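Okay, got some structures for you below.
What follows is a pair of complexes built around subunit A, which joins subunit B in one and subunit C in the other.
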Partner chain A sequence: MTPTTIETPSARPGGLKLWLERYPFLPALIIVVALLALNGAFSPNSLSYRSLTGLLSTYMALIMLAIAQTYVVSAGDIDLSAGATLSLVNVAIVVLMEKWGGGAGAVIGAMICGILLGLACGVINGIVVAALRLQAIVATFATSIFFTGVALYVMPVAGTPAPALFWRTYGGRLLGLPFVFYVLAALALLLFLLSRTRLVTQLLAVGDDQQAAYQTGLPVVLVRIKGYALCGLFSALAAFCLTGDTASGDPLVGSKMTLYSVAAVVLGGSALAGGWTTVVGSLFGALTIGLVNSLVFFMGTPSEWQNFVQGLAILLVLMAGVLAGRRARA
Partner chain B sequence: MNAVLSFLKKPLVIALILIVALLYLGENLSPGFASADQILRLLIVASLLGIVAAGQNVVILGGREGIDLSVGGVVSLSAIIAGNVMNGADGGIVPAILACLAAGAFFGLLNGLGVTLLRIPPLVMTLGMLGVLQGLLVVIRNGIPSGRAAPGLSAFVTQPLALGIPGIIWLWIAIGLFMAFMLTRTVFGHRIYAIGSNEHAAYMAGVPVRRMRIGLFMISGMFAAIAGLCLLGYSGSSFANVGEQYMLSSIIAVVFGGTSLAGGKGGYTGTMAGALLLVILQGILTTVNIDESGRQMVFGATLLLLMLFYGRGKAMRA
Partner chain C sequence: MSKLTLNGVSKAYGATLALRRGDLEIAAGEVHVLMGSNGSGKSTLCKIIAGSVRPDGGEILIDDRSVTISGPQSAREQGIGIFYQELSLAANRSVEENVCLAMLPVKAGIFVDRAAMKALAARYIDLFSGVSGDGFAAETLVGNLRADQRQLVEIMKALASEAPILIFDEPTSALDRAQVDRFFHILRGLKRDGRGIIFISHRMDEITAIGDRVTIIRDGETIKTLNLSETDPATVIRLMVGGAGDMPASQSSAPAVASFAAGAAMTVDRLSGAGFRNVSFEVAKGEILGLGGLHGQGQSAVLRAIFGASSEMSGEIRIGGDRFDAKSPRDAIRRGCAYVSGDRGRDGVIAGRPIIENVTPIHYLRDRLMIARPSSLKAKAMPALEAMHTKFASLMHPINSLSGGNQQKVIIARWLIDKPDVLLLDDPTKGIDLSAKADLFALIRQLASEGLGILLYSSEDAELLGNANRILVFNGGSVTRELTGEDRTRYNLYQAAYEAA
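This part shows the complex of A and B:
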């Protein structure tokens, strides 16, 4: 055989496949760009700087929650209590900030407590699922009921307002740029730093083949607990964004967001079975959900049909996400 | 001694012991909790959950991470369809049953096609379907009134039918017998376990895996539809998202019944006990005098505690 035959395209991975391997979030990015274009076609106003900033600050909480979910999915687990953790941190920081007077010190103190609370919820989930070896779906559903109970204890009815300092900062501007851009930049930096840690690689190793990871000497139980802790941490960050957006506490606010966070992870192109995930994809997945919702609105869909069209559109992009993700992994 | 121990470790036995213990506890906390009337009422509520869990059970038994998150949506949809088809008239019961079964089978078929032909993981497919169903509910509820249950249906669910026991409990018993027969005595039942424990081996042995799996999702949809119909009879009229509560509790009932979420192992008798256990636990929590937050905390913690009794995963071994 002449050397030229070795150089045929079939002998090395195709260009598209190589791209997908290096940038697994590409399909999700393409969907986001397409949705942005559609939004612009139906209502040019929806692409204005102001609308996009608004979209970002509304869906930043879901972006954070989707990223939280991605870390447990990496290890082949799932967290159905992420939304309940978000609710709990939301009511806890609102109550603490009010109790401590609503000044800058109170806000920072409450946020530190919120992060610790989120971590604690995550560690509880990790212990229940990884150390006690309960099935993740049902066990985290049980902890979500427990966390919701605690949230209801902290704040029985929704409506306590967050201090003005908090939501004015989140919704306001800093040095001429919307504050939410700084949140996004900080998130990007955090994700970049995390992606260079050993933990993320370990999570993926556990998700890819738990037995193999164990046999190579990984402390599988500890790694999974750390994954849940990371999920709790990002759920707390999601709660901060949500509190900044809604400016109040609501003990049940997150319950509807859990399943959306799972959907966003799949939309982003990650495999629910674990071992192959992309946090950037999850970010785009959450944006996809936001853009679908706004598109349905801007298309002038009659209000009673909006939920149905949203549901159908999300089901279709979910299917597309699964198929594209599988193609990338194949 | 070992025989006794392994008997006590059977999920069905655990569930039955826990049921008796909980009834005893409930009777002590509020006298009259374990009276015949109360137990009948708990059984009615449990039968609604148990019927949904029957469908959930076969999907889970079929393996490949089988799960149906759309059952809650189908229950709500079926309650609304039934209410409108019968609209308070006994003559409409049969058409309502047929319409509900058709709707349940249709959405089950869609789930099954997505899972088999497109190979979408069941969790994702049924989650997406749940969103579609919830949207559909909004559309339907905007266009038409919610409808009323026929007196005959309400009587079937709430009034004694024979031996002082309401018809729905007889229906649940019949479903239990049917499921036991189907799972242990028919080729179809054996094939469910076959594809659940080793899909590839089943395929090589000539089991029509795809058609089987589509069938399981259709069965799940139809059981959810029957439950929606009965739920309408229980409450008289349907309200928004009435079925939502069944989504995860049906899965928990299956787990409490000793069926592994990994598939291929378990049965329906345990699930019946699991559904009853769950309903009794909720019943106790509503009778004791604590506020909602405490109730949820106790409920969540108790669920975790009970799960410890059931099939925990294997420890990692080199």
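This part shows the complex of A and C:
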């Protein structure tokens, strides 16, 4: 017996496996298309241009938050404070815009402050997790409580309205196209540019094998902190979309979105252990969650059964994605 | 002039001294071989130079200037490149990304310059063109490569550092002949450039082919540096073994049982599987059969295969005349086979659970026990634990409250409630203290005298020499030599282990 027969080389992946390696978001895309078709079957009206635009502007915040989560997951970390960061930025910009008069200058100034605030939250998380070496799940859970506390201090009661200029722009049209399409285009460009950065390659290398990355000479702690900073930045962007959609401030609005963002990352085809992630997949993952919710509504599920059906549907989608991925990679 | 000098470098992990005293001097333009047996401190020494382990004491000089190496990044900046024995690759990144990972070329400050990266990686990938095997391309994900190809990527990565000082910690263990030849050709070129190269290998023929000088390291201490042209393998091995090398295994540790006419406990015929091939042997009832050789030559793989823990294998195994081919460990246990691994965390301990639960799982399985009364279980568990002289506060204390040695005793005790026919020991004394080892081997000898067939693999040669009736020396996945009676000497064991496969 020769050594070559003992070690069966799997060096040349099959066609499907190669496709999945290059486009790991494919299963998520197929699921989104299938859900769209189902939505259309139950309510043809739900596939109209108008309702699709509405769906996009409602779920743009979750898309941004899922992408935020993807960057920390890339490095093998997790951020359970992403939703709280979103809430904090949400209330902060609403309060600032109101205080500064609600004009164009106030909106832009508040957004700059919001981005800085998001980055600051990310850096705090990064230092706590990477530099102080606390467990990511528990540490970011703790900072999420802390950020929520700050948000409640900034705005104790939900309901302060955002200036009309802000939400009318987000929900309106520009040169005949819905504004949210421009947001999507800008997001696509940003994701493309980010995918080319050294930081993203380093994040993935750290997530793949942290010890190996350290031994290679990568500044592992700094890379992880930058990953959290990126997460904070996208959480702030998510807050902008949410504020545009709800047109008001709410200090607790993001708390239930955190785990949805983690679910979207997994539904999109990323490995939660790190090293293998796809931001495009996370976008589709977030849309999947949105489409499941609308499907439950269009199916005419009685309100007391909606949570039940929603949970079951997400579980089914997750199973379908995992099975498809496993079969293709085997 | 010396490129790199180490003076009295030391490193301790808790109470264990990994490196007692490391003195080393690497000249420009030489390949300096480090030799020593398993756990003698070679890899620790390399990692200290590469910055991934911080030394407790001693001095490091580069180009005769004293330096402090604070981490891998700082080592790299000071001109040190390393090939890690356990590799430092990212499985989901491509070959070219891995080769360039430490110094990805950038444009505009933040973006990866893919064209420059491809060009840079291609320079090192091309060095191995023709020998890198099927499916090896710059864009292939490292996780899709074979073991030898991954090792080539790690070599390319070390070469890409273009460091004046290069460390190769067992770079050839998975490579084939043509790949090794190409690598040595490259090393000779680097020598001409005046680089200082540290090289570790366990193959004598490779060492004489490429090395200029050799430093021998024993029990964490650098013993001596020799010119390879002025010495011979026998001298080197004798230095590695120490003074007592020629003596047969000492009298105090004679084999447990002199005669075992009771018949075969286990027969293994032409067993092949992942990591080993064509292994045949017989263990008599009451015999302790040792498996020796360098680490990872197939000994553990054979034991795990017998226990049904590996998926593919061919060949025949018989226990007491009956065909025995366990499909799973569960199956193997039911049929009277026991396995104790040195890797307690992975294969033994049920972490966080009480001692009694850690002693009884095998009893549950073999007796098909569904419901048990604690008192009757206790009556069964206590004798087994006492036979091992296990120290514990109460059966309800979690197993993590015990020391490593006592944990291992609990793991072994679980096999003593219902006696197996064959006991497989896979480096069982890894990381346990001397007195626990002594208790353990006393028990193993007693079990042998009661008629068990025992297979013992140990990474410590003294344990094999002191306890085994016969020793099979593994090299490259098959048995290359059998040592019996007076032949069981340290010298013979080393020689057989270090021979080229």
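The rule is simple: the second predicted complex is superposed on the first by the 308 of 330 C-alpha atoms of A that agree within 3 Å, B and C clash if a C-alpha of one lies under 4 Å from a C-alpha of the other, contacts with A are read in each partner's own complex, and residues count from 1 in each chain.
Here, a residue touches a chain if its C-beta (ideal position, glycine included) is under 8 Å from a C-beta of that chain, and two chains touch if they have at least 3 such contacts.
Predicted model, so just to flag it, every value in this text is computed and none were measured.
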**Request:** Examine A:142 and indicate which partner it touches, taking first as subunit B and second as subunit C; both and neither are also allowed.
**Result:** first
**Asked** With the two structures laid over each other on chain A, which partner does A:259 touch: subunit B (first), subunit C (second), both, or neither?
**Response** first
**First, second, both or neither for A:104, with subunit B first and subunit C second** = neither
**Request:** Name the chain, either subunit B or subunit C, that contacts more residues of subunit A.
**Result:** B
**Asked** Now for A:323: first (subunit B), second (subunit C), both, or neither, which partner does it touch?
**Response** first
**Request:** Based on the superposed arrangement, let me know which partner A:215 touches: subunit B (first), subunit C (second), both, or neither?
**Result:** both
**First, second, both or neither for A:30, with subunit B first and subunit C second** = neither
**Asked** After lining up the shared chain so the two structures overlap, which partner does A:16 touch, if you call subunit B first and subunit C second: first, second, both or neither?
**Response** neither
**Fill in**
Shared subunit A footprint, subunit B vs subunit C, residue numbers 211, 214-215
**Touching residues on subunit A, where the partner in the complex is subunit C** = 1, 3, 6-7, 9-13, 21, 193, 196-199, 201-202, 204-205, 208-209, 211-219, 275-276
**Touching residues on subunit A, where the partner in the complex is subunit B** = 80, 128, 132-135, 137-139, 141-153, 156, 210-211, 214-215, 220-221, 259, 262-263, 266, 272-273, 304-312, 314-315, 318-319, 322-323, 326
**Footprint of subunit A on subunit C - complex, ascending** = 50, 52, 71-73, 75-76, 82, 84, 87-93, 97, 101-102, 104, 106, 110-112, 114, 133-136, 140-141, 144-147, 149, 157, 272-275, 277-278, 477
**Message:** Per the contact definition, I'd like the list of subunit B residues that touch subunit A in the complex.
**Reply:** 65, 67, 69, 114, 118-121, 123-125, 127-136, 138-139, 142-143, 248, 251-252, 255, 261, 291-301, 303-304, 307-308, 312-318
